[in-house]
Amino acid sequence: MSVITLKHVRWVVASNPLTLVAASGAIIIALIGVLAPWITPQDPLATDVANAMQPPTTAHWFGTDQLGRDIFSRVVAATRIDLAIALSAVSLSFVLGAVIGGVCGYVGGRLDRVVGRVVDVLMAFPLFVLAMAMVAALGNRVENVILATAFINLPFYIRFARAEVNVRRDSGWVEAARAGGENDLSIILFFLLPNILPAMAVQVSLNLGWAILNAAGLSFIGLGVQAPTAEWGIMVAEGARFITSGKWWLVAFPGAALMLSVLFFNLLGDALRDILDPRMRT
Amino acid sequence: MTGALLSIEDLHVSFATRRNTVDALRGVTLAVNPGETLGVVGESGSGKSVTALAAMHLLDRAGRVSSGRIVFQGEDITHLSASALRAVRGSRMSMIFQNPRAALNPIRTVGLQIADAIRAHRRVSQAAATERALDLLRLVLIRDPETRLNAYPHELSGGMCQRVIIAMAIACEPDLLIADEPTTGLDVSTQKAIMDLIAGIAAERAMGVIFITHDLGLAAKYCGRVVVMKDGRVVEQAAPNKLFNAPRDPYTQRLVAASPTKVSRIEDLVVEEGVATLSRGPVFEQAAARRSAVVPLPVGERVRVRGLRRLWSDGRTSIRAAQAGERYNTIGASAPHPNPLPNGERERAEFGAISARPTYGSSPLLRVTGLTKRFGASTAVDGVSFAINAGESVGLVGESGSGKSTISRIVCRLLDQTEGEIRFDGTAIDAEPARTFNRSALRKDIQIVFQDAHDSLNPRFSAFDCIAHPLRKLMGIRGRAVLTERVFDCARRVGLPLELLDRFPHQLSGGQKARVGIARGIATGPRLLVLDEPTAALDVSVQAVILQLLVRLRQEENLSYLFVSHDLNVVRMLCDRTIVLRNGRIVEQGRSSDLFANPADPYTRDLLAAIPEFNPTAAVEAKVAEPAIALGAKRQPRARQVPSPGGEG
Amino acid sequence: MRSARAIIIRVGERLLSSLPALLGVLVVTFVLMRVLPGDPAVFFASGPNAGQAEIDNLRQRMGLDQPLFVQLMHYLRDVGTGNLGNSLTTGQPVLTDLRQRLPASLELTFTAFTLAVIIAIPLGIAAAMRPNSLIDHGVRFVCTLGVCVPTFVSGLILIFVFYYILGVAPDPTGRLDIFVSAPPSVTSFMLVDFLIAGDLEGWMAAAKQLILPSATMALFVIAPLARITRASMLGVLSSDFVRTARAVGLSSVKINIVYALRNAMLPVLTIAGIMFSTMLGANVLVEKVFSWPGVGSYALDALLSSDYAPVQGFVLLMACIFVIINLVIDVLYGIADPRISVA
Amino acid sequence: QAQTRAETLRQLTGNNINTLDPSMPGATREAFGVSTSTYDRLVAFDRKLENGVWVFDRTKIRGELAESYQVSADGLTITFKLRDAKWHDGSPVTADDVKWSLDRAVSAKSLSAGQLGTGSLTKPEQFKVVDAKTFEVSLPKPDRLALANLATPLAPIINSKLAKKHATAEDAWAQEWMKTNTAGSGAYVIESFKPGEQIILRRNENWTGGREGRLPYFKRIIEQTIPEAATRANLIEKGDADIAIDLQAGDLPALQSRGKVKVDSTPQSNGFTMIAFNTRMPPFDNIKVRQAVAAALPYEAMFSAAIFKRGLPMFGASWSEVPNGTFPQPMPVKTDLEKAKRLLAEAGHGNGLKTTFTINVGSAAITEPMAVLMKEALAKVGIDMEIQKLPDAQMSTAVAEKKLAFFTEGSSAWLPTTDYFFRTFFSGEQRWNYSSWNNSTIADLTTQARYELDPEKYEEMSKRMIEEYLKELPLIMLWQANQDAVMTPKLDGYTYWFHRQVDFRDLARR
């Protein structure tokens, strides 16, 4: 579980062609995200109202939007922000969830019960509505979208980490670490958490896609990232309004970008699961 | 082998795994005659189960019969169609498994499951099938069968579950029953009852039985003929008395030797081949030497070893390959214990000396007084007092749940006691709570080796890291070179080949993991080492090696042991004194030799009597003398069953 | 067998033990709503020429002039007496609104859920029967595709294609074609009520309205359900008892259905329960897109207009449903799995 | 079924109808729309044809429940003669009912009191029953909006006997009951009402209040809430629904070009979309900054990108002297970046400034493109503008509390006279004074103009108000967006009303 040999990775990739597609797709998306400022042919924010709503042409591969902005450039530029949203939201809930869940799972007792109750409360919330309320309360900035997304994910991570740590808490190697002079905190941080990492990594990957979708849903309601930032969810939400008028390119291209990235992250999650834990494939 | 009920001819089975192809069987040939009970023994991973499963066509999806034939009642069933197979399974050939509880559908009543088995082959109504199921439950001697019919597996004990499975297996009166370790995990008395039941039914119905086990005692007692397997091959087969009294194959010899008996001594346990275990010489030769090591890796592992070797030769491994490569030679040259596994007279003398050694010193190293531990309302340990002198080895025995692990964890300061006093070398260490004991200066003086070697190693630590951890943490050793030196030293002392240090726990065999655990335990140079059933999860042959290692270490390091086990034979061999525990209380303690010779307490006597003992000569005698088992056996199958290969029949 | 009484006791215990969580939900929602910067009084007093007096008046009527803690106490007291306050958006008591709208949401979610289960479970089983085969990968890919499209997009596309272009779907405007008369309300579930009334045409009309929105929702849960099914089925198929069943020669139908499937469904049951309540809470967007008169779109409107009472009521309702679903799953699980002791 | 479909009107709306009592605080515009048909008022505005579309005519007021009315020469008394009308329950309408209704309007805590106050209708004492069919309203001053106010949805005439049955000690005016029940005499009767979903109306066959006493054409009205604008458009285009007045501007060109629908467009002559500055908050307390922004805005681009030029621009006029007293009217503001930079420098913001521009979620389809264009344009003169989008409730709260420095809103005045505009939008502390602009000249002028009966003097005062407005520029009028009523081609008689709702009584199917 811990060491991943190149050979094993190759085996996983070979045994499932989708993995290769997903991995390369995710890498390409990540690259686009990193290189976005250099590969957008036009300024994604520059408007040109005279040329608004143009269908795809050679000048504008994906056409232009309501303000005459180049959709291709916007789709490319949005990659970065969407990845940033997904990554930071998920890592936030991941880190917090792992630590809180880890401590609860290890310490147990009253703390565990109290946190468990709080998590119960959170789980009982209709989570999308909770996210909406949070963004509405805090203002629709990228940070808050991230925060809300992270927050509604937190209970799942806490539970996950708690359960994973709980089953390992009494294992021999934890006792051995104590016999080897470690204190509780370092056992949690340096022994238990690293061990539950692979299982959580899968979760993270699956959640990345979900986080993007969540941001898109918030955008649809008008609570997403603020204008004029190029973000897939907003572009899709805005474009969806023009489906009836036959301006398909407004929604099709950002929609495709969003869909592909979510797809790749999901498939990548599966692949990670294969790579990290050959036995348990779900 | 004409007229054989089942004959397996040169069977090769391989598994496609994630990494490579594992050749699990490499030409197994064996046959079982109608009415005969054939025992199959051999170390773990030798292919016993795979052989049985192949015969039943129950191999995993990944498994494939690559060559060879399986002939059942004269018919080649190697490549039978699924529907034809269904007709064979259950009605002509049946199988029962280890871990009976898991082998039953947890959400279906046992009555229905038996009825299912009947109706799979017989066109009878549900009511008739239920009626028959009831009969079968009576047949397998389940008490109160009418109620049990509607019970779910979890409402039954393990032994009862196994009886139900037997009932299912014989429901359609098959001609062959394959029993794969049917009693593992069951307690000693249940084990005997189940085995007697199988033997009785087989006798009554003239059913052929293949009985897979690694308990030589059981094989000797119940089988007419025994097959020994190793590395996917049959290495020897003969009648039990012949086989166990005069084993021809070196492996069989080793197996027989490694099985502890009432009178064996540790130095008796292992024969020659064990010597080769130790690391010496250049890397490649070493890896080659491992092939004949006492702890042979399962076949799959071996392939990995080759892979690793390539890595080594590529110089790509993280363990400081160059540095380590040099070291091997120097270690080989200047190792203080070039031949650490004792096999000569010298050791034998020394062992004798150990057991004869008087009680050491005046003030004990560890003194435990009135130790009590309660978990909620239940009392796990109840007023236990004992002492361990420096250099002394004290055994702690008792049935499961008697509080052995609890005591060892308290002594190790991993758990707080409820009451009682613990003094280590005159210091009251009970003052420091377990949670903060990691800061104590005495932490490095009391170390522990855990019951389950696999569980005790951090899956994300390499063997090197596992051993290095207490060195870094407790000895404050930071320097790369010093650390490596110390870790290598520890590994060497426990006979762990240095090239294995780079591996992660899942890449090590059970014996190797046990050694890593012990190396870690002695790394800080403790004065007291608590060993909580360090060999419980191991094969007899591996156990033997580990036991010898412990004896040697104790000698070299002047260690004191608190040795926990429920195997009394082992404790008798290893410990100067023995404490017998029951329900958290000490029922008896004293010098091992005295205690085992004249147990004072009836509980100790029971414990001693229940030892599943292996005594080749005695076993054969017992078997021959045994009367036909209940169930109104009319025939005298036993006589036929033993093919009387010139034994003392 | 388990006695009914034991089950009732267990249900009671579970309900009691979930009370603190419900209370927590109440308080958290209450506080969260007050943290929202919007002032409902201002928003709703914004008719032509509403002045400060109107705002103050409204504020007083809504009790917003009291200290927060007093408001909370009043709120808790009201909830205790079954009064969830009034919605300013619809002008009705929240309880009435929720009662009217919940069946719509439940019916939609239920249909979507059934649809998802009907599709996902066979797919999951098919994938598990041949792990790593083309079927397996295909199932995984197709299912994953469903989770990749935001529901509002898939909903709009479905409407565009099936209603606007092809004209095969009825207009996406709620539970029933506006010109079909509703059945006498017995259960408030259209499909059931039509059946009771014996009006098959009406039933068809209601069913047609349900297809697109429930398909939109189902798309989103097929993937996880199929995954769980596959994993669980794989696990069971390689378990010891299936091997035993094979060893005694049971037919493959018996093995796969009676032995493997029934056992494999146990974890699916748990996940499905959680999924159902999540769907119910998360179908906000679908309801919006399909003008479905459910509780989700109700809460959304209320939230955007800082209308406290409906949001609070909605969250409380969802939390209760969450508790109930968990309970039902628990009981079902207890019945399905004899290992779970009822006491 | 086909028969009923032909006689049924199906209107789609994005919004909720949340009450049957239009005076309920929080009532939506759709609720006002419905109440016009369920209740009668004493009087009603007339309508006129403008560019082929019917538009309400504020200057002509005809009787509705009143058969006729008489304004005394001094303008202080209005006498109404009631028609022989029946309540929905069949009982006759009397002057007592009228008094009760208007007493309720000015006394109960509701939206009505505020509205009627703009026409000097404030106290029950002003209302007098002369006889069963005669009713008198007296005014302290000759208010030009008194009669007009009685034509708004906030002065419905209620069946007092029925309503009083449902009044309680705490609720003397039966406000609770009237939320979900009607007690009117209007052209339509409620058949079913599901707030947030739909309302179904049935024609009142005894109604006589129509023009020439005619019954409305449609026997049944269904008004449905469909939140998705695209779906509304789809339904109309497919002929499944008859009319919608709140489609997206962006969809209209395509809808029109496909030719399956009829679109009646009228600029919302009593409304406006504007950009507001908070004149009490820096930096917009500085006139120069406001003027600079006005000179920097990309008017044309905003007009075409946000509403696809569907409306009447309120920018780009070229007069230097106020041409007439109507308000709103196109103002002489245009894009002139050089001027903007100069003004900014004069204001001491030569190195630029930072500000936040607020829009709301509900109008984002229009305001977001606007904001984006503004951001880009303002950046050119050194203004760094951040766009903040608030949920509608938060936006209105912030506006009412005057916490926003710079934002956009649209609004409309029901009774569009210039003094009413200035009184409502440029004075006092009420929330409609978006720019928190208090100017003594304006205050004086509005009080005078209100009671000024001489049209010429009134015109003069109006011009002075507009001059003052232009000088200080508390907000920038952008345009009057079109009200685009999209309907099936066979529908006739659609009228643009001041309350911006469809009046079902006007419509007929050809």
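As written, the chain order gives the labels A, B, C and D, with residue 1 at the start of each chain.
Convention: contacts are C-beta pairs under 8 Å (C-beta built on N, C-alpha and C of every residue); 3 or more make two chains touch, one makes a residue touch a chain.
This structure is a prediction, so every number in the text was calculated from the model and none was measured.
Novice: Would you say A-C or A-D is joined by more C-beta pairs in contact?
Specialist: Comparing A-D with A-C, the pair joined by more C-beta contacts is A-C.
Novice: For subunit B and subunit D, let me know how many angstrom lie between their CA-based centres, rounded off.
Specialist: Spacing between the chain centres: roughly 88 Å.
Novice: I'd like the Å distance between the centres of subunit A and subunit D, where a centre is the mean of that chain's Cα atoms.
Specialist: The mean C-alpha positions of subunit A and subunit D differ by 45 Å.
Novice: Can you check how far apart subunit A and subunit C are, centre to centre, with Cα atoms defining each centre and the answer in Å?
Specialist: Computed value for the inter-centroid distance: 24 Å.
Novice: Measuring from the mean C-alpha position of subunit C to the mean C-alpha position of subunit D, what distance in angstrom results?
Specialist: For subunit C versus subunit D, the centre distance works out to 39 Å.
Novice: When you check subunit B against every other chain, which residues touch at least two of them?
Specialist: Within subunit B, no residue touches at least two other chains.
Novice: Can you list the residues of subunit C that touch 2 or more other chains?
Specialist: 36-38, 131, 156, 160, 164, 288, 303-304 - these are the residues of subunit C that touch more than one other chain.
Novice: At least two partner chains per residue is the criterion; list those residues in subunit A.
Specialist: Residue numbers touching two or more other chains: 15, 136, 221-222, 240, 243-244.
Novice: Of all possible chain pairs, which ones touch?
Specialist: A-B, A-C, A-D, B-C, C-D
Novice: Subunit D touches which residues of subunit C in the complex?
Specialist: Those residues of subunit C that touch subunit D are 36-40, 42-55, 57-58, 61, 88-92, 97, 100, 156, 159-160, 163-164, 167, 171-174, 178-179, 288-289, 291, 293, 297-298, 301, 303-307.
Novice: Write out the stretch or stretches of subunit C touching subunit B in their complex.
Specialist: 131, 238-241, 243-252, 254, 258-259, 262-263, 266, 336-339
Novice: Could you please specify the touching residues of subunit B with respect to subunit C in the complex?
Specialist: Checking each residue of subunit B against subunit C gives 56, 58, 60-61, 82, 86-91, 94-97, 99, 102-108, 116-117, 120-121, 152, 154-155, 165, 168-169, 171-172.
Novice: Please name which positions on subunit A make contact with subunit D in the complex.
Specialist: Going by the criterion above, the answer is residues 45-47, 49, 52, 66-68, 136, 139-140, 221-223, 226-228, 238, 240-247.
Novice: How about subunit A: which of its residues touch subunit C in the complex?
Specialist: 15-18, 117-118, 120-121, 123-130, 132-134, 136-137, 209-210, 213, 216-217, 220-222, 233, 236-237, 240, 243-244, 251, 255, 258-260, 262-263, 266-267, 270, 280-282
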